[in-house]
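These are the structures, in structure tokens.
Each of the two complexes below includes chain A, the first together with chain B, the second together with chain C.
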Partner chain A sequence: MSVPLAVLTPVVAAERRRPGISLLHNKTLLAGIALLFVIVMMVVLAPVLAPADPNQQNLFNVLARPGPGHLLGTDDLGRDTWARLLYGGRVDLMIGVSAVIAPFILGSTLGLLAGYLGGWVDAVIMRVLEVVVAFPFYVLIIAVVFALGAGVSSIFIAITAVGWVSYCRIVRGEVLVAKRLGYVEAARAAGLSTPRILIRHLTPNVLTQALIYSMSDIVLTILAVVTLGFLGLGVQPPTAEWGAMLQAGFENILTDPILGTVPGIAVVITGLAFSLIGDGLAAEFGKP
Partner chain B sequence: MARYLLRRLLQLIPVVIGITLITFLLLHLVPGDPARTLLGVRATPARVAALDREWGLDLPLPVQYVDYVGRLLQGNLGTSIFYEAPVGQLVASALPVTLGMLAMGTIFGIAMAVPLAVLAATHAGRPTDHVIRAVPLIGLGMPPFWVGFILLLVFALTLSLFPVGGWGDTLPQHLISLVLPALTIAAVMTPILVRSMRASLVEVLRSDFVTAARARGLSTWRVLFRHALRNTLIPAVSVLAVNLGYLLGGTVIIENVFGLPGVGNLLLSGIFERDFDVVQSVTLIYALLVVIINIAADLAYARLDPRVVLGQ
Partner chain C sequence: MSAPLLLRVERLAVAMPGPRGLFPVVEDVSFDLPMGGALGVVGESGSGKTTMLRAILGLLPQGGRVTSGLISFDGEDLLSAGEGRMRRIRGRQIGVIWQDPQAALDPVMRVGEQIAETARAHVAGSWKIARDRAKELMRLVELPDVERTYRAYPHQLSGGQRQRVVIASAIAGEPRLVLADEPTTALDVTVQDQVLSLLARLRQELNLALLLVSHDLAVVGETCDEVSVMYAGRIVEHGPANGVFSSPRHHYTAGLLAAAPRVDRPGVRPVSIPGTPALAVAQRGCAFAARCPAVLANCLEVVPPLVGQGRHRVACHHPLGRELPSPVPLEAKP
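Showing the complex of A and B:
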């Protein structure tokens, strides 16, 4: 394996440059990023776009139709639906994105260890994984939130407890392939320590797939947060949140169908943005 | 087949032990004392201690776990405080509703996904394909209960074609009340199915045996339905099995939306009534269901594809 460095360098440089340029041609990715940018700007600029206080009740103006005063009407407590939609988006987006960080780190670390070390470490991690996978996603999340009590911190714990398995599977699979490749064997032959090989050499090479998956995971997590909110187990009132808004919409399905329709559309559009980004990333860096 | 089944069942032992360990610990995650939570803050310490003793909560954890597994092995899933009935009996009457809904949903899902996948694969790269490929992107972001909500709004409240909720008393009524919930499941399932079926159909349509069938002069439809589709059902079965946990979990909320007396609603009522035995046992039943259906999917896999040799 004694290839002169001069021969390798131009190839590597060319390969590194290519993704940057083709990113601009990746319409799926660009569309996803643009859509997400619009959504983020809307929730960040909520005070400007929706001057009404999302928690201000007005019992004399409940379930009002859309009009100049209230762009999307009001809910069953007379609160402005448009304002609640934007402020609710802040909550769901923030939880949805930040709640995947812990499972990402935990799952990737366990996958890295299981794949690289093999043996009993792998066996133990995989048996635990099989057990967690046996529980339906929502059932385990609902059960854990029930046990810990409703609220944001319970959502984070439940999603971490359930979500790490996908990252673990993906990274483990990547490591099993990568550890037979030249660079890992070379690092091992050079006498580098296991932690160094894992952190400096393997990690950057095996995380791409996990990162791509994390986009779908954000969609799943937002759905979980919304579902918990709908069941009354998530973000607690009066905080505006899409799931809780859908619950109010469901209760008033006969009198005000808008109330239950609009937050759902918001969830779908947000999910679409992350799915487009995920697909775009997969086309760019994923496997053929 | 029998040997494979036996080996799979043996491999399941550690998984099932793990499942019982999690459902057992679930109760112990509850902050504070479950007896205190149930009886309320004004209960006397003596009353709390008495209930602790009744539930065996004063014993060391390992002893409690052994007791718990011992009870399960005798088929005792505990007693519901809310319904004042054995949980096993409640689950037995709720399970047909959930399984019926899941089965009908799977049929609808396949019925919706197959034409879409065929249309996309036979028009690969053309506008029809692009539109159909957008289905998963939008569909995967839809909260299952919201899909149910929209179906209720359109088909039950506006068009009055189906009941708004409930289960009915006779078999035809049961089946009619399952239609909208099953359509909801199908709407969650279709995006997942279309994606995988389209990909495998495109591949199959390019393969030699399809070219050979075409060369023999078979019509496009015959090639598609007799030859190509069978080969795309195999990956579809495994995709469904992989996503089973997600789909089955989704039924919990769908049952809630449509007011169906299934296992999911039993779980939710257990949660809201703080009915610990119900929550613990229903969670256990769900996990066992996933495990059993996964084995069934493996067997179906071998049935559909003669190349699959079980146990390898």
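Showing the complex of A and C:
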């Protein structure tokens, strides 16, 4: 039976919606990005905003009150607190953000493999994950840093070794859902290879949740860096760092409460910025 | 018709995992599909149609197993083919048109790329060739403004356009057989007809064999030369489409036909089949016995074999269109 072509009426192209994030309607996301922008600008412009050398000691002017020469006063070694705050922010932000990248990649990759391949691959990855999860976050981080010796590279290794589990679990769960969806089945029925299905079809569809989580993970990581600094296991003196500043401020809490309060507030505000971005992204992608 | 055989399914049985171990969902299903032929499989939801399609593709859901039987494609035994071999058969030899084009397309990939990647995986030597081929296929399935539609995402297209994209990617590997799983169910009625016409035209132009699964008798009647009617995992009637639809022999087929609304006969109201569809494959007796208007004693005891003269065969102890010698009424059984 032949079908005359005229029978087929041409279909009209559907209205096209412009893709992209409607930033202006998402006030949470907007507020988070604005706040983060201010923080980043402050630490980037630290030399301009705080002309004093953050490591320049002045033992004749220790524990000075806030004043014209020193905006937030000086610490127990006579160093400018305002300068140390900004330069310390550079260190904490940089480590906090970059230390999230390795666990993100490692965890997402393992989660993809575990979820899609299943079987013994899944079993092995999940048993290793359970071992990591069995320890409290800080206990494991501190143990690893302690074993490797204090320092930035130890922090990176510790956070990667512990942090990948969250990404792995999130991505694995997303993959378990996605692999039953039509497009993955259709890709298999089209004879596409497993790597292609994983990279081109699953990855773009499952990474959203991991990305949203990574925002709160940055907060956790900055807190971990600050905590290690407080315990003397993090960035080593004399480099300015919020955790070490908190520690110094803690010793003078009764006489000079401002020393310990200022870096604490900085950590809270930075955490707030990333949390707002995370919530905003979650709202944007329609899932909590 | 004497075209060479393309697909042969013989005594296929498939079992799926249930709460109490494996339970059969397809039992003793046999059919032949010649090159360029079109076979329609009709049945209610849960009758095993889709499971049968998946078995042919080697893509049964986790835990599902072909428990016995044979599937051969162009003389090759698909059940003993390895995963690597199956990957070269899927898409390249057998294309699939899915029921729900919305689900079958990757939401975050441009539709043109989705067609091109199948072409690239099987027939095109480079991405450049694959992309040109995808655009050709998009013209073949009559998608509008190909250069622009190529870069569209699935949500930017209408349901009919999405199904055209799915059809284009089903034939992108230049297969000889296309499996269509309820290809029009998710579409508007007006679009259904366009898609069916397109399928019929592609079949003829590309000499495709078509195995179409649907619960819609009109769709199958319009598209296929032969029809198999499935009920509870078994084929209960098989024959040329016009023969089966004009003079059904199984009571289930007759019931299905009476239940379908008839636009051409406005006075005739659809009559539903009493009872609910059987889900389990009957191991004893006829699965349709509980709903059959003409049930007799042996219907509950013996599985009726698929028999008949010529091409029209039926699995019923006392088929329609022929008087039985002396039926034993059910009540009369001691």
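As a working rule, the second predicted complex is superposed on the first by the 266 of 288 C-alpha atoms of A that agree within 3 Å, B and C clash if a C-alpha of one lies under 4 Å from a C-alpha of the other, contacts with A are read in each partner's own complex, and residues count from 1 in each chain.
Simple rule for what comes next: contacts are C-beta pairs under 8 Å (C-beta built on N, C-alpha and C of every residue); 3 or more make two chains touch, one makes a residue touch a chain.
Because the structure is predicted, anything quoted here is derived from the model rather than measured.
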Who does A:E185 touch here: chain B (first), chain C (second), both, or neither? second
Counting only touches as set out at the top, which of chain B and chain C does A:F230 meet: first, second, both, neither? first
Quick one: chain B or chain C, who's touching more of chain A? B
Of the two partner chains, chain B (first) and chain C (second), which one does A:A52 touch, if any: first, second, both, or neither? neither
Let me test your reading of the model: by the given contact rule, A:P204 touches which partner, first (chain B), second (chain C), both or neither? second
Looking at the overlay, does A:V133 come into contact with chain B only (first), chain C only (second), both, or neither? first
Of the two partner chains, chain B (first) and chain C (second), which one does A:V219 touch, if any: first, second, both, or neither? first
Please write out, lowest number first, the residues of chain A touched by both chain B and chain C across the two complexes. none
Hey, which residues of chain A end up touching chain B in the complex? 127-128, 130-144, 146-149, 216, 219-220, 222-223, 226-227, 230-231, 233, 243, 246, 249-250, 253-254, 257, 260-261, 264, 267-272, 274-276, 279
Can you list the chain C residues touching chain A in their complex? 57, 59, 62, 87-92, 95-96, 98, 100, 102-109, 117-118, 121-122, 142-145, 148-149, 152-153, 155-158, 160-161, 164, 166, 169-170, 172-173, 191, 194, 197-198, 200-201, 204
Within their complex, chain A touches chain C through residues 1-3, 5, 7-14, 16-17, 19, 118, 181-183, 185-193, 196, 200-201, 204-205
In their complex, what parts of chain B are in touch with chain A? 14-15, 18-19, 21-22, 26-27, 29-31, 136-138, 140-146, 149-150, 152-153, 157, 244-250, 252-253, 256-257, 267-268, 271, 279, 282-283, 286-288, 290-291
